[in-house]
Structures are given as C-alpha cells and as structure tokens.
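Right after this note come the structures.
Each of the two complexes below includes chain A, the first together with chain B, the second together with chain C.
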Partner chain A sequence: MSAAPQKAKAGGGTIDVVVRAIVPLNDLVTRFEFERPDGAPFPPFSPGAHTIVEMNDDGRPRKNPYSLMSDPSDTSHYAISVRRDDEGRGGSRFLHTAVSVGDRLSVSYPVNLFPLDLRARKHVFLAGGIGITPFLSMIAQLERQGGRWELHYACRSESLASYADDLTGRHANKVHVYYSDRKEALPLEDLLDGQPLGTHVYVCGPKGMIDWVKTTAADHGWPGDAVHAEEFLAPQPGDPFDVHLARSGIDVHVEPHESLLEAIERAGVDAPFLCRGGACGQCETDVIEADGELIHADHWLEDDQKASGKKIMPCVSRFAGKKLVLDR
Partner chain B sequence: MSRFQFPESIASRPVYGTLEPRPGKAHLMIADAEGAEALLDLAVRDPALVRAAHIIYIPKGTGESYVPRLEMCGPAQFHVAPSYEASVPRLRRVLTDAHMGLQLYLAGTEGLMGQAMSEAIEHGLPQRSIQREHRGSVARRMQCVHCKGITEDVTTDPFVCAHCGLHLFVRDHYSRRLAAFQGVRVDAEDPGNVPDPVELYQ
Partner chain C sequence: MTMQFNTETFRDDYSFRNSDWAIRRFPFPFHEDSYMYSVNMEQHRGGPEGSVYEKRFDVDEHYVSEMHDRALVLAEDPLRCQSLPHMTLAGWDLLELIMVSKSEDYPDLFELHRDGNQWRWINKPLGIDDTFTFLDETTLPYGPMEYITRQTQGDFAVLDQREENLWMDAGMVTTQADWSLDFDIGMNFFEWHAPVPRAHEMGIFKRALKFLLNVQQGSPARRLNWTMTVNPRLDTSPENYHKWGVEKTTLTPENIGAKQHLRVELQTFFRLPRSNALVFPIRCYLIAFQDIVTVPKWGRRLHRVVRDLPEDLADYKGFIANRPLMLDYLSQYDDGLPTSPGVWPDLETEPPLQK
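Moving on, here comes the complex of A and B:
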C-alpha cells in the first residue's frame, strides 16, 4: 500500500471475459453467458447487481448496464439477458448482431443499486417485460435461504415472456404472469392489499410502471422505504452541443447519438461513473457556466438541484444553448 | 397545556413530533391520559380518519375526563383499558391480523409510546408507519442496569429501584427494545453518598 491514496479508476475496474454461450429466448431477448478466459471464478455478487458491458462497436466504445441474472452462488459464469432495442442507440443491437461465442469483452465489477432488503419478512416482486432480470438472481438467493417471496410478471405476450415458463414450472404457486395481449393486467391494488406486516415491494420495469407502483403504494399507506425500484435510463439522443471541460482545459463536441459522458470519455478524460443510467449519482458534475438550458434526464438530482443549474448528470442529461462549462 | 418541550439531548433519546393524518388502509391509535388531546386535535383536522380508526385508550389518572369526548369522535372501534399491560393481548391480536398499509398513531407518555412501538416493530410494522406525539406526564420508564428490573413512572433523579432498592441516576440512554431509559447506581463509588432527589427537568 502506498501512503498516498490511489485514485480509483472510474467505473471501478473491469474483468476480461469470453462469451461462452448465446441463447436466444424469443424474438427480442437473448441471454449472454460470460466466463473468464482462464476459467477462474468471478467475484460473487449480491442479487440485484448489474454489470456494465464494454463493447467496441467498430471503433466506437459502448458501455451499457445490464442486471446480472445468473445464480449469485454460481461464480463459474455471469449471465445477462438483453432486449434488442431497435430504436435505441445501438448497444443492444450490437450485442444481438455482432457478438459471437468465443468473442472477448470486458465487464465491470458488479455494482448493486437494487439490493434485497433482508429485514423484510416477505418480498413481493413486480416485473414489467425485461425488468424480470434482477428478480431471477433474487429468487435464486431467496430459494436457497428459505425466504418468503412472490413474483408478479407483466408481459406483452406469451411469446415474449422471457423465463416465464421456467419460473412457473419451478415455482407454480409463487409466480403469476399477466399477458397484456390477453387483456390481463397486474392487479396492483389487490396485491398490495392484505400483505403481511414487514412486506417489501420491488418493481423493475418501464418508468410508467414504477411511478404507478410508487404512487399506489403510498396511497395505501406503505412507507417509501418498503418500496424499491430500479429503472435504467438509456441515454436519449438529442441535438449536438459543445462543452468546455475547465479542469482538463479541453473543448468537446457531443454528437447527437452519444451521451455527454461518452463524449467526455472519448476526449480522454477519466470521468467517474457507475450505472450510466441516471440512477447512482456517481457521475454528478458541477456546472461552472451554462448559457442555455440543461436538459436533465436523471432521477438522481433533486428538483431544486435541477432548477439551480449548478449540477448535471452527464450519463443521461444533455444541453441546448450557446455555452456550457463543466468542472471536469 | 399538555405539551412539554424536552431539552436537547444525546442521539439515543427519542424525539417526538405532532400526529399528522396519513393515507393508509387501517388506522390504529393508542393513547394514555392527556395523549387523548392529541387524538382530539387529529379528529379536528381529519374527522373521517378518526371515524375509521381503532382507538385503544388508557385513562391512567385522568378518569372520565377524556373518554366521552373520544367516544364522540365516533371511532370504528373504541376500547378503554385500565392499564397498558391489560391492553397488550388486544394490541397483539390487532397487530397479528394487521397488513401493510396500517398506520399507527401513539400519543401520551413516553412509557406507553415506547412499549407500543416496540410491540408493533416486533410484529413487523415498519418504523415509518408509526407516529408519536408526547402529551402529559414527563415521567419515565426506567430499567435498572444492575438488577434489570423496570420501574415505571419515575419522576425524580436519582430514584430508588422498585426491585433491588439501589439509588439510580436517570440517564438519557434509551433502549428501543426495552422501551426504557437506563438507570445506573448513583453511589457506586461512595456507597451511601446519595444526592437529594430532584424533579426531572428542574
């Protein structure tokens, strides 16, 4: 150990991996399984954790967060399930189309922003679509520990219901699936009603679903700390803009299809990050000058911080205007 | 006025607020003595809330002063108990059958609020579902750290342990599990040298 504190690498370090299997689950979702080139075990992770997969898309670096969905007790591999998003910026499409078994990638050490609260006496999981992934590792752990849980899983159709057959086959009494093409809806109010004291609710899905669960639970008198949510925001494309990084003394042009954080990294600046989805707060950056409008897209900053114009989360937020100077 | 401003103290010492109406699927209100005034205030702010509530009330020394007024609020269930201990079987039954969405409102003495809160948390009720408002007596429920006996309604410092007879110094160090403050022998180093008792907060 040196006496001087070492500056931690942004994102917390990476692990080199080899793609050991690619398993298409349906038209949109594919599972990718990674092992280490030397066959060494992976670091263990807590259920709910995600990893950031680094991809080299024809010279363009991509870093996307995905929930680890493998059994946390099995350190021989990590697995993620990726939904192809044809409207998105291309990271999921790259994984679906350009990655083959045997390819090398690197993934970040796991970070958990959506842990189980083990003080809970019962866990109720509410999944929307691909939001099922973190619950797969949570269920694996709770089954081993004898924890009390139930899963309510809303999907578009039977053909797109990733892992639904597997889950209902193994846990017929605990897993309930609702298909919207059959006009089935997740009966949220009934589900919240009558849960025993000490129950915690976890929701992973689209923003509308998370808001619906949070609002309904609050109306039913559930305290906020018994309601857990995870929503990764994909950085949205937008108009290009320029930014001056005051500490590094460089100007960067942010292209329409890259995030501010990606542009900063492309310029060679080692900026902090963890989730790259507006949730963890790690990339929070001070705004020195902004002649224009900060377009906040994160759910980290408080409303008054957003209004103050003094902070920005470069992983998902953008800028429109004449001049932006950041303390980076 | 039944309100008392407690002096600033160590982090271990509980602090109390003012009962606020909150959304919930069920509402349980437990009060003793002047704690009734906090429930009556709540009924003025939100009469429908108190009409939907289950009230357990322990008058202690106040006799019939508050009972008719509480009854007039029209709570869904109203139970008057002669002591906290006598209300415990009912409280346990209610908590065993309760579900998430229950709001617990506690008002009155520290001893009552602490014991009811510890019972509720034991049954799994989240702490954030519990509100407390202090009213009335500032007497404390004290545990003797030597014999572990609990002395209720302590109003002087030092006081005599009701179990082992030691003279105990009243500390602000509080146990949420026991719902009691800690009492420590005041003359441990110089047996017999016991200061004159002083009223708490004098």
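Moving on, here comes the complex of A and C:
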C-alpha cells in the first residue's frame, strides 16, 4: 500500500550510551556497564535478549552482539560481559583495550532470539563458560516472579568462572558449578531424567555443548520445543576474498578480520541484519554467481539450501574462490 | 480538550457518522485501480500530519462511542477478551506501550505519572483517573490487557512467539471482520489464517511470518486490510452473524449509498519488550459509500477495484451477492478518467467528476 513510504534503516533503531563502569571479572572476562548520556531510562527488555554494540575500531566499523546480563527490571543501565578473544577479529579486543569509562558508544535496541518460554513450569539452565550471560537476566526475572529454576554451569577453572561466587552465594540450592580442571562433569543424563513434566531446558555455550544437550535430550524423549539453545557465532576470520554486489554495482574486498556483512557496510551499502550471529535470517542474500566454495557458518539456512549454493548469510559466512556475485 | 467526540451508535439505529475531517483522513486502502493480496508491510514511524498514520495509536472523533460499544459487547459475551496464563506479562507490556504512547502523543487527553511502580493514569475523554502498582494485577479492576484495551480503539491480538511461530494466546476482539477469538485462541499463524483464499499458495503467509518474527523493539510496522460491511456495525462477529448477516439483504438502489460501508483495518505490529510477545492492534475505520464518492479519485478507483476483484476474494470478503448492486451505484461516479497513483485524496489536483 505504502501510505507514507519511509526507508527503514537496516537493523532498526540505536541508543546512544556512555560507558559508566568497566569491571574486570578475571583474566578473560570484563563487564561493561552503560548509561544514557541524559540519564534517561533504557527501554525495558526481555531476558535472553542481546544488543549490538557499534564500535569504531581504528576507522573500521564493528558491530558485535552481546547478551544483556543486567536485571531487566532495572532500566537505569544495560550491562554486558565480554570475553576477550585474542585469536578472533577485533571487537572484543577493542572493547577490552581501547574503551574507557566516559566513552560514548551506540547500541541497538534489544533483540531476543533466546527468550524464556513463559508457559514452562520449571526452567533448567545449562551454561558453558561465557554462555552464562543470558541466564543472569533470566534468573533475575524469575526470582522476582517466583518462577522455578536451576542452573548448571560448566567452567574451565575456578579462576575463570565468571559470576559463579555471586550466584552460589545468593542461590546456593539452585546453582551447581562444574570445573573441568577438577574433572567435574555436568551430569546431563541424570538431570534430564529427574525433571517434572512441563520443564524447559535452555543451553548457551560452545557448539559442542549445544549439540550434546540437544542429542541427549532427544534420546531421553524430550520434545524439541522444550529445549532451547543459543550459540553466538562470532564471525570467524578467514582468507580475504572479493565480491561483486550486482544491484549496487560495486566491487568489495573482504579483509581477513572482517565479515562479509561488515565489508558490504564499509562500502556504504545498507544491508539488512538483526543478530549478526547467523541465527535470525535477516541478512539472507541471493547468490547470483559463485565460482568457488561458499563457506557457510550460520544456523539459518537448511542443509539443502546450503548445498544449492544459491543463498548466503553474510554476517558469518565467507567465500573461497575466483568469483562471487551477490544480489545486493 | 481540542477533539470533539461524537455521540453515536454502531447498532440498532446506527447513528454513526463521519465528519468532513474524518472523511478526508480516511485510510483509503487502494494505491492503484486494482487489488490483490501482497506482503504489504511498511515501517510504522509516523505519517503526514493529521493522517491516521501519524500517531502510534490514533484517537479520533469516534473514540468515546467505540469504547461504549465495546463495553456492550463484553457485557453480553465475556469470551471476547481472553488471556492465557502465561500472557499476563505481555498484558503489562501492552498497557505500558499504550499509556506511554497516548500520553506523549495526546498530552491534552491522556496523562501518565510514574513514580517507580506507582502509576497514575488519567484518561480525560472517558473520565478515568486511576492509581495502581505496575506489575501488580490486584491493583487494577481488570487484568492489564483488558484494562487498557477497554480504553483503546481497535481490536488487539497478543501473540506469543515460540518455535519459529506466533501463537494467538491473548486478545480483545469486539470489532472484527467475521472471525472469532474464542475459536482462534491458542492457534498459530498458519492455523488462524487457514480460511484465507490464495494467499497460502502465493507464499504470502510464509514471508509475512518471517517478517513478523523479526519485528524489533522500537521498530513497529503496519499494513492495511479491507472488507465490506452493510450498516456501520463494529461487531461483525461469527457469534452474532444471526444479527448482521440478514442485514446484507436489506440493500436497495435507494439506500446503498448510506448503508454500504467500506471497512478498513489499520493493522500495526509492535514487539513487546518484557515478554518478547508481539502485539497486533487491528483498528477498524468505517466509511459510507456516499461519503467516499465525495472524493472524486476514490469514487473512480473504488468502482474499478470492486468491479475487477476476483470472485474468490469477493466471496471470502462476503459481498459477492451484493456486488451487482454496488457496481450500479459506484459506476455513476466513474467517468473513466485516469487516477493519480497513491492513496491520498488529491482533491486539489484530481479533476471533479465529468458526468
């Protein structure tokens, strides 16, 4: 119909923020707390939501997604916890090394791809490492609503177990921590079997852990819709490649430490996105021609779509070969 | 208060009328001389001043009477408002969205004063001044969704989002075009759309759902839908079909201009922040044929759209039997001249009727 056509900005609205605190938790993880420059409240959010932090890393724009870990009922600030990733591309390293209290950044409106199922009688949370962050906001909300929950948290070692002390101190009976350097294992089969009807399981952690939980739950007769997972796929670095954007009529060179989506944006093309983690489907792009191999790294496309070579998710996926032409 | 509210009815003596102001701002749904289903969503971020698209929740001269009509429907049939237990938080989200939007968009009509969770809500047109505790149901006379939608024009479907689908798990539905909340409650997007012809085969619902699942907080969207109603009745429900179905047979060449109404729904989509649910307000606007044809462009175009609409759509929309009568009437207002693109009346630039 187009009553009053407006061009929507890709990715939706953003919020200007000031860094109000930087709190190192251990060797790898640091918490960043944001407030608004005018002190206004933030929009409320639902637990499990993430925000995309926009950074200017030495002239290179970066947009990285992080789970909001603050209490959703506290709109005075937003907080994220960031694990430094020395191997990975910038972004997390930039936040750790180049951002100070008082700096200005901009963050997206919250987006939730990992919500609580509010019909659940009980919520069982399974966290691996930095995968703890979405559960912090979920726990805050369930505590206030009187919801039933328990947390099982697998970490490498005590010194790297972000928030473990705080959580066990406050909820001794509901929080269970397992340290792999002490050869402690998360007793997945036992805890899946002992749950009351109407329980939902949530897992956030590395891909291996998610696959393990999903397969084990299915083997133990859990319905698929009672098992929820979130894996954040930070775009992996890779070999550089060239791409031709047919609709815009431009050629773009993708550097090793930037994603295809970032390279497209750097060229001034407004491309759609939401999660930047291969999960939401928003950035799906048609491949017009590919002389080489598409390196799919997303959770969105079906296997046959990946095999067809006709679609790519530029937020996480790459290309190796002679020539790539996209409908963008 | 600047706005004048009509005292009018949407039943019995049907005293509903549109003022000239309401006619000029009517959301005419056809941007060209033909119509077919499409994925017709756009951002809902304002619109031209005075248009129904300008505010997040449009308030117009029918507000007070529409709320009265809703109360009558609910008194007869409480199942028009339902909320499954897990949707209460979404109800609070909706209450907050509407109170904040209306108090910001119409400060002379609505006021919201917040001190932490102690809220005071003043609704001047309806004479309400309530103080309550946000998120505490015991402090309101109804559940949060029912409380606020008894004060807001349009129907509301509140959708839970899970398993890559939307579920109609709550709603307030009293001004609907022949569908039933009590029947659809708990259904998913494909199930409640099952009766619609063609659109499934056209792939429209698959793409529309994908769009809706990704509607983001702070970025609402909207679309228009339309149908036909004899007499300005808001409650054309299946539950009450025995009351309004027969009225379709009362049309005559003499009364059609006054009785036959174009019914347009301004549908909007907002992500609700605390619950991650989606709310789908469906705002119904009615206009008599005799009022539409006062805008020459709209008269010409409506004739062409009704004439060329495929049979299955005219049948689904419930006016196939009356189509010949409608065309006899509307053809008087179509002189064959071309029409300007877009939905606006273009009164200054479009020529008057040449016959």
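Everything below uses one rule, namely that the second predicted complex is superposed on the first by the 325 of 328 C-alpha atoms of A that agree within 3 Å, B and C clash if a C-alpha of one lies under 4 Å from a C-alpha of the other, contacts with A are read in each partner's own complex, and residues count from 1 in each chain.
To be clear about the criterion, contacts are C-beta pairs under 8 Å (C-beta built on N, C-alpha and C of every residue); 3 or more make two chains touch, one makes a residue touch a chain.
Here the structure is a predicted model, which means the values were calculated and not measured.
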When chain B and chain C are modelled together on chain A, clash or fit: fit
For chain A as apex, the angle formed with chain B and chain C - C-alpha centres, to the nearest 10 degrees: 60
Which superposed partner A:Gly169 touches (first chain B, second chain C, both, neither): neither
More chain A residues in contact [chain B versus chain C]: C
Partner chain in contact with A:Ser46 - chain B first, chain C second, else both or neither: second
Chain B versus chain C as contact partner of A:Asp117, first or second or both or neither: second
Contacts of A:Leu197 with chain B and chain C, given as first, second, both or neither: first
Partner chain(s) touched by A:Gly221 [first = chain B, second = chain C, both, neither]: first
First (chain B), second (chain C), both or neither touched by A:Gly268: neither
After fitting on chain A: smallest Cα gap, chain B-chain C, Å: 6
Footprint overlap on chain A, comparing chain B with chain C: 225
Chain A partner contacts - residues on chain C that touch it in the complex: 27, 29, 31, 40, 42-43, 45-48, 51, 53, 85-87, 89, 93, 96, 160-163, 210, 214, 216-219, 223-224, 273-276, 342-343
Chain C-facing residues of chain A, complex: 1-6, 8, 12-13, 43-46, 48-49, 72, 109-112, 115, 117-119, 225, 274, 280-282
Contact set on chain B toward chain A in their complex: 22-26, 95, 98-103, 123-129
Residue numbers on chain A that touch chain B, as the complex places them: 121, 192-199, 218-226
